[in-house]
Each structure stands twice: as C-alpha cells, then as structure tokens.
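Pasting a structure below so you can have a look.
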Amino acid sequence: MKMNSVLLNEKTVIQSQTKLKTEAVSLYYGSFQALRNISLEIPEHAITAIIGPSGCGKSSFLRLFNRMNDLITGVRVEGLVELDDIPIYDKAIDVVELRKRVGMVFQKPNPFPMSVFENVAFGPRRHGKHNLGELEDIVEKSLRQAALWDEVKDKIGQSALALSGGQQQRLCIARVLAVEPEVILMDEPCSALDPVATLKIEDLMRSLAQEYSIVIVTHNMQQAARVSDMAAFLMMEDDRAGVLVEYGTTSEIFTNPKDKRTEDYITGRFG
Amino acid sequence: MFERISPVTTAAGVKEVLRRRWRPVERFIEGWIFLAGILTIVILLGIIALLLKEGLPIFLYTPPWEFFFGSRWYPVSEPPTFGIMPFFVATIWVTLVATAISVPVGVACAAYLAEVAPAKVRETVKPIVEILAGIPSVVMGFIGLMLLSPLVQSIFNLNTGLSGLTAGIMLSLMSLPIIISVSEDALRAVPDDFRQAAYALGATRWETIWHVSIPGALSGITAAIMLGVGRAIGETMTVLMVAGGALAVPVVPTEPMMPMTAAIASGIGNAVRGGLQYQALFAIGLVLFVITLTVNLVADRVLERQKRKFAR
Amino acid sequence: MMTRGLLKRQLSQRTAFSLLIIATIIVIVPVLVIVLEIIANGASAISWDFLTHAPSQAGKAGGILPAIVGTFYLMLGTIVFALPLGVMAGIYLTEYAKDNWFTRSVNLAIVNLAGVPSIVYGLFGLGVFVLLFHFGMSLLSASLTLACQALAMTVTTSREAILSVPREYREGSLAIGATKWQTIRHLVLPQALPGIITGAVLAMSRAAGETAPILVVGAAFLLPGLPQSPFDQFMALPYHLYTVAAHVPGMPKSTIWGVALVLLVVVLSFNIIATIIRLKVRQRRLNA
C-alpha cells in the first residue's frame, strides 16, 4: 500500500509528545466486557487510526476520550485514561470542559436544524461568546479551516439541512473547530459519504493534524493507510471483548506487521 | 513510547482548567425540574389523602355495611341516614346502557376505519370523531335535556324523559371517541403479514378481519372498552342534567336515577363543611376514585402488553 | 367459477361491511345533529349585545360577557400553572429520570391522574385550595383545580414532543462541550415547542368546557361585575349553561341555545388551532 508522502516520517512522529494515553483500560456495559486491558499512547499533532473488524469496540474505545460513554447507563471504566497527563475519569474533572477540549465528529453527519451560521456559532455561544462580531469571525475562521467557507459563504443563513452529505460533515467539523479543541475524535466520519466527499475530508484531516491531534476510527483499511501516522489494530476475542492486538506507525502496521492476526486482517483474510 | 515532556503549563495549572465547575444556574433549574417531576406524585397522594381524611369519618357514624348496601339516603332527616345503593345501582345502570351501545358501535366503527374505509372516507370521519370528543359534557347534558329526553319520554310512554336510559345514551356518545380511537390503533398495530397470509389462503376481507385482525387486536380493544367504561363511570354533568335525580334504587333503566357522580355534585353545595353529609359525599368520592382508578390501571396494563406483543 | 360456498361468504362479507358502515353512520349522525341544532337554535340569540353585556333579569335578558371573560381567565389560569410544570415534569421524565422505582411511580401517577373523574378533582380543589389554603371560591382556586386536572395531559404531550427530538442532536451538542441544560434549552426545547404548544392549546380547550370542578369549587351564576383579582369570584360559560338550562325557570329557549353555541365555538376553535399546529409540524418534518 502506497503511503502518502505528506505523512510525517517515523522519526518525527516518535519525537511528538503524548496527548492521550490509556493504561490497562477495560470497559464494561453492565456485566458485558466490551474492552479488555488496552494500553497505548496517542501522539500530539498526528493522525492515529483505530482499525479492526466490526463490533470489536473501536467506537467504544474512541468514546473513552471524551467520556461520551458516560451517557450509557451501567457503563464502567477500569484503568487509567489521561489527557496531557491528567486522568480524565477523576471525580474532580469537569466533563463539559473536557468535551470542549476533546471534540467529536460522528459517523452520520448530524447538523442541528438551524442555519449554517447558527450551527457553527452554537458551541461558542454556549461557552459565553455573544458578541455578534466576534461570532462572525469565529464562524468564518472555522468554516475556512474546515474547507467549507467558499461553498457556503453565500448561504450562511440558510438551513444546514439543505447541504449535501459531505458538506454537512465538514460543517460538523467546523462546529467542533469553533470551540477550539485540542483533540478531534472522528468516528467513521466518511462511512456515510461518497468517494469524492471522502477524499475531501481526508485532505482536511491532514491539514488539521498540524494544529490538532486527531484520532479516527475507520473500518476502511485503505483510508487508514492513506491518512494516518499511527495505527492501532483492535480485535474481538472469543468472549467478545475487544483487545489491542498491535499498535505502531502506520507504515509498520501495514508493511511489516508483527502479529499474525494483524497480517491476516491487513491482507483481507477476515474482517 | 513518545517523549513525555511536561506541558508548558504545569500539570496542576492544566488540571485547574479541567476542574469540576460548580454551575449554579444549572443546579437551580435542575432542582425545579426534579420538583416538577415529584409534583404528579404529590397531587395524586394529595387526592387520596384528602378523600380519606374527609370521607373516612363517616364510617364512624354509619357502619360500612349500611353505607354501601343501605338504600336510604336522607341527609337532612333526623337522624340522617346514608346508604349509597341508589347511587351505586344508578351508576351501574347508566354505565351498562352506555357500554351496550358504545362498544358494538365503537368497535365496528373502528374496524371500518382501520380495515375497510378508503383513505378519503377515513380522513373525513376522523375529524368528526374528534369533534365528538371535544364536545363538553355540559353541552351533551344540555342536548340530552332538550332533544333526547322528550323523545325517550314519548317512545317509552314515561312520566319524564329524564332517566337512566337517556343518560346512558348520551354517555355512550361520550365514550365512543375513546373506544374508536384506541380500538383503531390496536387494529392498525396488527402487522399486515398476518392479513396477507390469510388472503393467500383464500380468505375474504371480512373473514380476515373477523378471524385475524380482531383477535390480534383483542387486548387493545379490551383496553379501549375499559377506558370507555371508566369514562362513563366518571362522567358528571351529563348524568346530573339528564338522569333524573331520583333517590330510589332504580329497578329499570327508564326510571329517573342519580349516579354517584351526580350525587356528589348536587349535594356538595348544600352540605355543611365538615358535617355528616359532607363526609358522606367525600366517601362516595373515595368509592368513585377507587373504581375508576382500578379500571384505568388495568386498561393501561393491558395496553402496555399489547404494545409489547407486536413491538418490532 | 363461483361455488355456492364462495357466494355465501361474499354475501356475509357484504352484510358485515354494511353493518360496519351503519355503525359509522350511527357515530357521525349525532355529531352533525348536535352541532347543527346548536347553530340553528342558538344563532338567533347571538348579537353584539349578547356577547358584550352582562346578564340582567336573573340571566333571562342581557348578555353573557362575564361568563365569556371568566372562561378566558380560567383557561389562562389553568395554562399558567399547568404548562410550565407540565413541561418541566416532561423534561424530567425524558432527560433526567433514571430507570428506577421512582420514575415508574411518577409514570404511574400520571396514568392515574388522567383517569380521575372531574368531580373528584372538584372535591380536591374544594378541600385543598378553597378551604386548606383559604383561597376561597375564587378564580385562583378554580384555576389551580383545573390545572391539576390538566397536568396529566401537559406532562404527556410535553414528554412525547421532547422524545421526538432525535438523539443525534443531543449527542452533537454534548460532544462540543455544551451542558445538559444548555442542550435542552437551546436545542431540544425549541424543536419540541410545537408539540408542547399543541398540548397546551388542547388543555385550554378542555378547561373551557369543564363544569364539575368549578361547580364544586364555586363558580357563581350572577355577578355584578368582572373579576378584578384572582381572589374574586367568577362566572364561566359551562356553569352558566348548566344553570340556565336546568335551574332557571322561564328562561327564553334561544338564549340557552345561544350560550351553548358560544361555548361550543370557544372549545372547538381551540381544538382546531391545536390541529392546525399539529399539521404544520408534520408538514415541516416531511419537508426537512
């Protein structure tokens, strides 16, 4: 698989700081164990892909970092999850503030039933910014960063639901950018989009990685190979708990996997 | 795996930003929301408590056996007697008449709307049923008084058209909308696969309705009937205006009579607060409350089961 | 090839369907008769004076303005109490309540309250608002009583309206650092608003027509003036209708029908408003 030349080389990646870390993390939904004993460190200013067959817990793992799992009753997290060396499951942590710093883009684009402007301005408004001039600046900046500004600048007051699927997803990305996060979590962001829209978003991801840390869940291996610097391969064991099989730089994982299961998955023998 | 250089701000500094916020506005609003949630329970308990407080004392004066089965309601005689049989039997009569009319008509109408009627007809009839549901009970009583009562009087050759029969007929009109709407929902909830299977075996549409749809919707239809009965039992103004108001235990529905709801409504204005008649009326209220509560709870339970039966 | 058996079955079907249609006609005809009779008999009593003057000669002449005003005050009073509490309870049940015995009790209480007969609500209002709280036989007592009755409906419609807002919106809002209440206030509630308002309008329509509770709590028949404060006594259309129809001898027939007509118009127009809102919402949802 051809590696994109814009990617960081291995040396640069290894010199990055750790942005997110998990240590022996297990996740339970009631009595069902969804994830078992996962430890890894995610670098700053890079794109880390979580790959693996369906149902192995990739989304659940991703949602550890912004504690969206908390919304599910009966959920339990064991082990350590850290953002910048700060344990985020600590009782003293403000979840709302955490989610401002760790934003999320969902699989199916979910723009609010409001205008494009209101969608992007929603986050900043909730965080106390009400000055219209300031909001307009933020909205334009975010839409530019999301490579959407040129396409919507003339219809910024129109309903966001009138945009195409790819535009809606970039709008959701702009919405996240407007609150100035440090990390952007993406849960299969392209799976509901056509190939052209997908490529646009992949380009967007690479430009965003310079300023933000991105973690993306994808079941599309080619996408992972194209776009990411690091890749974590998760798999379901016999009791349906997800485990980390292998984690390394993308080029390592895809050209020289150490674990046979990784190799089998990469070469398409299952999954 | 990666160099862990401490962030530019100290770990404690960054921690400070992420520290749990006390959001007073949120807490305040959420407090009120929680209180509103409790309010429904408070009101229900309040109703029960009040009925018990004001109504139970009557049993110190009149033993329960005499209260429930006695047929002499003379609150102003010396000594006053409180037997509610006349009211209880009257409620049974008007409910019986109302149910006998509204159940067959209502279920049949629901079957027509759900299974047979073309869309245009359905769209015309449903608003009419909703109008029926919206007519206030006092207006129904008024119509019963002005239009139906003279008719009943002449047809049955009675002294007065104000009778349990008249009241029952007007009550059936009031029960119809809920029976129709709940039965129709129940019939529509029966999956079409069942009907298709019947057609494939050569059944006619009517045979399918009779042997497949209606049995499939039976629990929902039962609930509809119960809700209709509950409505008839609890209705006040119609029976107050049209049932006649006589105090004897009614033997036939064409007699004038006074169901429990009317008894309370007509007596409460004159009763001395806290006096025996007052207590007795509250006791009747308690009886009414228990009866309608039971009927509605059972109907709700049946409806839940029906929902789960076909949930996909 | 038509066998004897098939013919017989088709005949049964035709008979059965005829019965079903007859049943439907039995439902429709009384409604039309009632509405038409009221319009036909009551229209002659309707005049500008009838609607804007107070009654005179013990109600046999003059107008019904105080009753109309009283009814509108009651509708307003009911919704002022029942709507905010109903919406908040609806929010509680959909957004905050966990699946435990307490939530189940609240849901049970709502089902129960919906089935309580209106005369029992009247007794409740008498015992609690008129006597215990010493509000007396006033607009306030009556409004509170009717509000208790309306609460089950406002909670249920609010709950349904809020539940119909898709989960993805909430997730999107929480995931960019909005708090739960911010999500509700700025995203969920605005979306649920039409449904909530429909419920409110229906509750108002019901309050306009209720007689038994205000009969017990003390509506008045003839008052010299309009109520100036919530603690004043009041007249109301349904109670007026009941009194003139059943308790005032020598009442001109057309006047009574006129009162019925006014009441019917008030109640049905609110029902129509609610239906229009509901249809508009459905239309909007289909377009999106």
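Order as written gives the chain letters A, B and C; numbering starts at 1 within each chain.
One rule holds for everything that comes next: a contact is a pair of C-beta atoms (placed from the backbone, for glycine too) under 8 Å apart; a residue touches a chain by one contact, two chains touch by 3 or more.
What you are looking at is a predicted structure, and each value in this text was computed from that prediction instead of being measured.
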Centroid-based (C-alpha) most distant chain relative to chain C: A
Leading chain pair when contacts are tallied as C-beta pairs: B-C
Centroid distance [mean C-alpha coordinates] between chain C and chain A, Å: 50
Whole-Å separation of chain centres (CA-atom averages), chain B against chain C: 15
Rounded Å distance between chain A and chain B, as computed from the means of their C-alpha atoms: 53
Multi-partner residues of chain C (each touching 2 or more other chains): 179
Chain A: positions in contact with at least two other chains: 96-98, 101
Partner chain A, residues of chain C touching it in the complex: 98-99, 168-169, 171-179, 182, 186-187, 191, 288
Contact footprint of chain C on chain A as seen in their complex: 66, 68, 71, 73, 96-101, 103-104, 106, 108, 110-113, 122-123, 125-127, 159, 161, 172, 175-176, 178-179
In the complex with chain B, residue positions of chain A that touch it: 14-18, 40-41, 43, 83-86, 88, 91-94, 96-98, 101
Partner chain C, residues of chain B touching it in the complex: 23, 25-26, 29-30, 32-41, 43-44, 46-47, 50-51, 53-54, 104-106, 108-109, 111-113, 116-117, 125, 127-132, 134-143, 145-147, 173, 176, 180, 204-207, 209-210, 230, 233-237, 240-241, 261, 264-265, 268-269, 273, 281-282, 285, 288-289, 292-293, 295-297, 300
Parts of chain B lying in touch with chain A, wherever the complex brings them together: 1-7, 11, 14-15, 17-21
